[in-house]
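Note that the chains are named A, B, C and D in the order they appear, and that numbering of residues resets to 1 at the start of each chain.
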Amino acid sequence: MKKVFVISALITFLMAFTLPQQKQKIVFFGDSITQAGVKPGGYITVLGDLLKQKNIQDELIGAGIGGNKVYDLYLRMEDDVLAKNPTTVVIWVGVNDVWHKKTSGTGTDANKFEGFYNALIKKLQAKNIKVLICTPAAIGEKTDYTNELDGDLNKYAAMIREIAKKNNVALIDLRKAFLDYNLANNPENKDRNILTTDGVHLNDKGNQLVAEQMLKALYK
Amino acid sequence: MKKVFVISALITFLMAFTLPQQKQKIVFFGDSITQAGVKPGGYITVLGDLLKQKNIQDELIGAGIGGNKVYDLYLRMEDDVLAKNPTTVVIWVGVNDVWHKKTSGTGTDANKFEGFYNALIKKLQAKNIKVLICTPAAIGEKTDYTNELDGDLNKYAAMIREIAKKNNVALIDLRKAFLDYNLANNPENKDRNILTTDGVHLNDKGNQLVAEQMLKALYK
Amino acid sequence: MKKVFVISALITFLMAFTLPQQKQKIVFFGDSITQAGVKPGGYITVLGDLLKQKNIQDELIGAGIGGNKVYDLYLRMEDDVLAKNPTTVVIWVGVNDVWHKKTSGTGTDANKFEGFYNALIKKLQAKNIKVLICTPAAIGEKTDYTNELDGDLNKYAAMIREIAKKNNVALIDLRKAFLDYNLANNPENKDRNILTTDGVHLNDKGNQLVAEQMLKALYK
Amino acid sequence: MKKVFVISALITFLMAFTLPQQKQKIVFFGDSITQAGVKPGGYITVLGDLLKQKNIQDELIGAGIGGNKVYDLYLRMEDDVLAKNPTTVVIWVGVNDVWHKKTSGTGTDANKFEGFYNALIKKLQAKNIKVLICTPAAIGEKTDYTNELDGDLNKYAAMIREIAKKNNVALIDLRKAFLDYNLANNPENKDRNILTTDGVHLNDKGNQLVAEQMLKALYK
C-alpha cells in the first residue's frame, strides 16, 4: 500500500513538470487592428510564433471586426466570444469610439463607453473567463501632443485604466508603451511610420511591440 | 354526447365575452419622450385614462431614459424590460441616434442602428413577447422639409418601417402621424408648439395624439 | 439743324438693332462643381456652346475651387473675381457649407452663411457688377426627402431665396430645378446617376440642365 | 558749431525721457474672451490699470465678439478695426475654430485657419499697423493632456507660432503661459477654476495673467 502511494505521488510530482498545463484558449476581441492581427505578420500571428519558441501551446483566436466600437463588441460577444468557450479574453477597443466623433458624428459618449465596457467585463467574469484590457495605442504618433485627437484619446485611455482597477482585471497599457517608444524613436515628431502605417494601424515594429506587450501581460 | 358538446361550446362562447381576457403587461421602452410619458399628462398616463374609459385593465409600464439611443436600450433590456415579464413591448427610439450626430458627434450609424434594432426585436420575440415599434416623431415641426435633420430622420424612419416588415411586427408610424397633423394644423410652418414644446418633446396635443396612435395599434 | 437731328436719331435707332451690345464678361464663382464646369462637357462649356449658337459673344470665366464654402469665396473675391473686371457674377455655393458639418465638423453656421453671402453681394454691387445667385442643387437625388442632409440643404436654399429678394438680385433656383427633374425622371428614388455622378457633382444631363437654367436667367 | 551740436544732442537725449512718445492706439481683436476683457476686472481693463501705474497713456480698445472664429474677424476687420485707425492690433482667436467642430460641426479647417490668419496680418501690415498674435489659452485646464480638445488646440497653437515667425510678428504665447501656470498651481488636475471659470473664459487670476503677458509683449 505504502509503496503504491509513494510511486503514485512521485508520478504526480513528475507530471506537474513534464505534462502540459491546461491549455489556454485566448480570444482577442477588438476592431480593425485586431482583425489584421491574424494575418501574416499581424500581432496575434507574431505572438503565436513567440509562444511556439517557448513551447507554449495555447490557442489564439482573433475576433476583430473593422470599425467596431465598444457597443459593437457587446452586441456580438455571445456569438464571437462566448460561443468559443475561451479561458481568456483580451479586449482592445477605443480608437473608433473617439475617431468616429470627428469622421462621421458617430463616436461614443464617455459615460456610455464606460457603461458598455463594464458590462463586457462583467459578462465575461460571470463565466469565469480571465479578462485583460488594453488602452488604445494611437491616432497619430506625434509626441508633442498635437495629434488632433490626443486629448480625447488620453481621456478614454485614462478611463480604461480606471476600469481595469475597479474590475480588478489586468491592464495592457499600449498607449503608454507607444508613447514611450515614440519618445525614444521618433525624434522628427512624425505622425506615422514609427509603429503604424497611418497613425492607427500597426506596421511590423508595431505588431512586434504589441505582441511583446501581450506576451508579458498574459504570461507573467 | 351531442348535448354535452353543445353545452360545452355554449360555455366557451359565453366565456369569450364575459371572462376577462389575459391582462396585458405593456412596457414602453424608449428615451426622454417616454421618460416624460408617465408623468401627469404624459402619453402613457393619457393612454391609461383611455383604457379605463374602455374598462381595459392592462398594466402600462414606462421604461424611458433621457438621451437613450438604440444601443442603450439593448444594454438595459434585461434589467428594465425582460425582468418585468411583459406580454407586450412598445419600442420608441431614434431621435437621439440622429440628433447626437450634430450635437455631440455621438449619433448612431445607420447600419448599426438597424443591427441593434433587429437584435432587440429578436430577443423579445424569443421570449414570446409581442413587439410594436414606432418611427421617431419629429426634430422640428416645419412642414416644408427645412427642419435641419429632416433628411436623416426620414431615412431612419424609413429604416424602421422596413425593420417592422422584415420582423413582422406592428408599426406605429408616429412620424407620418405628426407630419399629417402638422400639414393640417401648422399653416405658419412653425418649428415647435404644435405637437411639441421644443420640436422634440410632446406638449398636451402631442401626448394626446401619441396616446391615440398607441391605442389604435395596441387594441385594433 | 432739324435734318441733322433726324438723321442722327435714325442712326441711333438703327445701331440699337444692328450693332452688338456691350459684351458681358461673366464670372462663375463657386466650388468644385464650378471648377469642373469649364472642362469639356462642363456646364460653363455647354453654356458657351449654347451662346455660340445664338451668336452671343459674351465671355465666360470659371472661378470655382473644390471644397469652397461661402467664406472662402469672400477671401478670394478680390483676386479671383474683381481683378477680372466682370460685368456679371454668378455665385453658386452652399453644398460644402452643409456637407462639411458632417464630414469634418467644419461646415458654416446658418447666420454666418447669411452674413458672408450678403457681404459678397454688397461688394459686387458696389462695383456695379450684376449679380445672380443659385441655390445648392443636391446632396443626394432621392425625391422622398430621405437624403441625409435634405433638411439642412433645404434650409440653406430657403435662406438663399430670401437673400436674393432682400438684395434684389436674380435667383437661379437649381435646387427646385433638380427636384422637379428628379420627381419626373427618378421613379426608382435613386440617390445619384440622374443629374449627378455622386449625388453632388454633375453628369452630362446635369451639366445640360444647369447650362439651360443659367442661359434662361442670364438672357431673359 | 560744436557747441550747437552738443546742445542739440543733449536736448534730443532729454526729450527721449521727458516728452511723451507717440500715443499708441491698441485694438484687441477677438472672441468672447476679449468681449469680456473690457468689463470691470477684464484683462483689457486690468492692462489699462497697469498702464496708468506706469504713466503710459495709450488707448486700449476692445473689439471682441462672442463666438467669433478667424474668418469672422476677417469679415468685420474694416468696420471694427481699420476704421478706428489703430497703431497696434492684438489678435487673439482660435478657441471657437476648434471647439465648434465638436459642438456644432462648424469649426475651421486647419488650412483655412492659416489662410485667413495670414490674410488678416497682411491687411494690417499693409496699413503699417503693428500686429501681435496670441495662441489660444485653453479649453480645459487639466495638465495631463486629457482635456478632450487638447490635441487639436495644440495643433492650432503650433500653427499660430509658425504664422508669427513667417509673418515676422510678435507672439504672445498664452497657451504656454497657461500650461506653465497650471503645472505649478493645479496639482489636483482640475479642468477649471484655476485661470478660468469654465475651462475657457477667464477668472480674476486669468485676467491678471493675460494682462501681464500683454504688457510684457506690448512694452518690452
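Just so it is clear, a contact is a pair of C-beta atoms (placed from the backbone, for glycine too) under 8 Å apart; a residue touches a chain by one contact, two chains touch by 3 or more.
The model shown is predicted, which means the values in this text are computed figures rather than measured ones.
Counting steps between touching chains, the shortest path from chain A to chain D takes 1. Chains making contact with chain A as well as with chain B: C, D.
Across A-C and B-C, the chain pair carrying more C-beta contacts is B-C.
Rounded to the nearest 5, the angle that brings the Cα atoms of chain B onto chain D is 180°.
Distance between chain B and chain D, defined via averaged C-alpha coordinates, is recorded as 54 Å. The centroid of the Cα atoms in chain C and the matching centroid in chain D are 40 Å apart.
Once the centre of each chain is set as its mean CA position, chain A and chain C turn out to be 54 Å apart.
Rounded to a whole number, the gap between the C-alpha centres of chain B and chain C is 45 angstrom. Residues of chain A in contact with two or more other chains: 101-102, 104-105. If each chain is drawn as a node and touching chains are joined, the picture has every node linked to every other. The touching residues of chain A, counted against chain D in their complex, run 101-102, 105, 140, 144-155, 158. Those residues of chain C that touch chain A in the complex are listed here as 102-105.
Of all the residues in chain B, the ones that touch chain A in their complex are 71-72, 74-75, 100-102, 104-109, 112, 115-116, 119.
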